[in-house]
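In the two assemblies presented below, chain A is common to both, partnered first by chain B and then by chain C.
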Partner chain A sequence: MKQNRNLIISGIVAAALIASLGMAGCSTTAGVEATGKTSWDEQGARTLEKNVVFNSSGLKGDIQIVEVKSAMAGDIMRAQATLRSKDKDTLPFQYRFDWYDAAGLEINSGAGSWKPLILYGRETKTIQAVAPDPRAKEFKLKIREPD
Partner chain B sequence: MKKLFLLLPAVLLIVSCSAAKPNFVFLEKTAVDQNTGLVWAKNANMPGRQLIWRGDDNVYEYMKRLNETNYAGYADWRVPSKDEMVRLIEYAKSMGYDQAKMDTWPYQKLRQMGFIDVRDYEYWTSTRQSPTEIWTADLTNGKVAPKQESKPYYLWPVRGNSSR
Partner chain C sequence: MNNSMKAFLAAVAIGTMALSGCASTMQYGDAGSAKPISTEFGSSDLQQIAEAMVDSMITFPPMVELTSARRPVVSVDSVKNKSMQHIDTESITDSIRAKLIRSGKFRFIDRTTDDQTVEELKIQQDSGLVDKKSAVQFGQQLGAEFLLTSNFSEIRQKAGSTTDVYYKFTMSLKNLKTGILEWSDEKEIRKVFKRGTFGG
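Up next, the complex of A and B:
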């Protein structure tokens, strides 16, 4: 009887341990995603780069992030980014907005589609997106080379 | 003649002390301190609400908009430093501060001088105390203290250089 009770207790302890390890894993993921959260420097200026992720150093060097902002339309978040080509040649690329909840967890992970965009020499363009649902509190703009 | 020479340092001291005090000339949208060269917004609550330091629609964004619109003809508005706020409060207090009398408190004195909508609350300064704290100036009692930057406070834009 006593042996059974010990077995149950060790089972509960083991389950708790596994659960806490699982949660630690989740929070690590959230921590990584948090680097893409909207943030502000000590002067209160928005740190634009943290909202934008480039998959290529070439594109990162060629595209200047002029402005990134977000606003709430009711309970839905809208995001906008203004990009400027530093290149004198035509610059084709793709972009996608990813959305995160207040805990930094991605909403509809990977569901957004990549959209093509072309910046002509030294051109500036503004792109916008609307969050898929009211849970979205942060966003990240991803930019990659065209297929 | 000798007496005159002895009195001269004292006179100079009095003159220099009085020069450090603000001497405001009120214009349509600004108050110019002729002694320090600082130009304060005449309206001490231009945003019409308290603003946060980090976040959407914050102090930085407001100052940026103010400068983009060339408020009162200037594009170099900024958040006052701790020392500039301290000098303003000291001046307001020098006009007869009595903790027991509300009409002598700094925000009241500043209103009486001609500033508009001076709030009985804390104002941002641009002086940082720590990664999470910024000095604020309380215009009710004149106390200047570091506060958590996550809280909202009032903003009183200033321009010019007070080192003159």
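Up next, the complex of A and C:
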């Protein structure tokens, strides 16, 4: 009888493990964040301050941000990021660009949408976005695993 | 299988159900979520199309030049929906128009509210309630210089348990005076659904 009880307890532990695995499968990590901020050097030329933060070790093993670039189309800021898959399999991701004005306030806060992205094994791919209006001086690219 | 083994499995099953939760849930979702639910046209598809069209249009070099000094007046034509689905295509063009207005590059006229406009002007002119000096006169609205036209089509293929749907949205900006298409672009979306062995 004692053995039975032990088995039931270990069964509950196993169930907890299975359930936690199931829950972990549903959660989405914050993933990767890459920012690009417009600034001007002494000569008055436009430069871009870049910063890449990995919040997920899983994504860090899958994806690499090779390059972050920006250019202007008239008075509208454009952004491009070059991504490289470190995996040999095809991986799905989602990404979005958020835009900020010169004061660092977000433009159209919360209005952005996630876009699907498929990276084939070891593939290098560029993703682009265009600022919603001429106020944008800074962008933040977020990449995550599909929700 | 002995009794203790059965007890173990039952505990696993009951525990899994209890901990993962079988109850229905209701919660707010992310309006910008890109999670596909089916191969039908969804909210993320609409957002992707609207963003792709606006990004392409406002960065196309002749458009950048055209809009650098002035904000051209544009009218939006209804979408020619050639897909099998009933889609509120006006919602797609509404999103595109809103984004273009917010970019500060274009101005729009809206023919869908003309009836209300005429009614309001008639009241201003004829009811005797409105001061003649401030009453808006007929025939003073601006004419559109460009017409934004669009086509939406769908190719659906089904083989065995796989459904493959390809959507294409094409948009053009027509110069109403010259008839020239000043800009055009398309957005393609592919959605693939594979039915699992156990339904669903």
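Throughout what follows, the second predicted complex is superposed on the first by the 91 of 147 C-alpha atoms of A that agree within 3 Å, B and C clash if a C-alpha of one lies under 4 Å from a C-alpha of the other, contacts with A are read in each partner's own complex, and residues count from 1 in each chain.
Please note the rule applied: contacts are C-beta pairs under 8 Å (C-beta built on N, C-alpha and C of every residue); 3 or more make two chains touch, one makes a residue touch a chain.
Keep in mind that what you see is a predicted model, and the values were worked out from it rather than measured.
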Which superposed partner A:Ser113 touches (first chain B, second chain C, both, neither): second
Touching partner for A:Pro132 - first (chain B), second (chain C), both, neither: second
Touching partner for A:Gln43 - first (chain B), second (chain C), both, neither: first
Partner touching more residues of chain A, whether chain B or chain C: C
Which superposed partner A:Ser70 touches (first chain B, second chain C, both, neither): first
Touching partner for A:Gln94 - first (chain B), second (chain C), both, neither: second
Chain B-facing residues of chain A, complex: 38-40, 42-46, 69-71
Residue numbers on chain B that touch chain A, as the complex places them: 53-56, 58-61, 128, 131
Chain C residues within the chain A interface of the complex: 3-5, 7-16, 18-20, 30-36, 44, 47-48, 51, 54-55, 58-59, 61, 64-65, 67-68, 99, 102-104
Complex interface listing, chain A residues touching chain C: 3-4, 7-8, 10-12, 14-16, 18-20, 22-23, 73-76, 78, 94, 96, 108, 111-116, 128-130, 132-134, 146-147
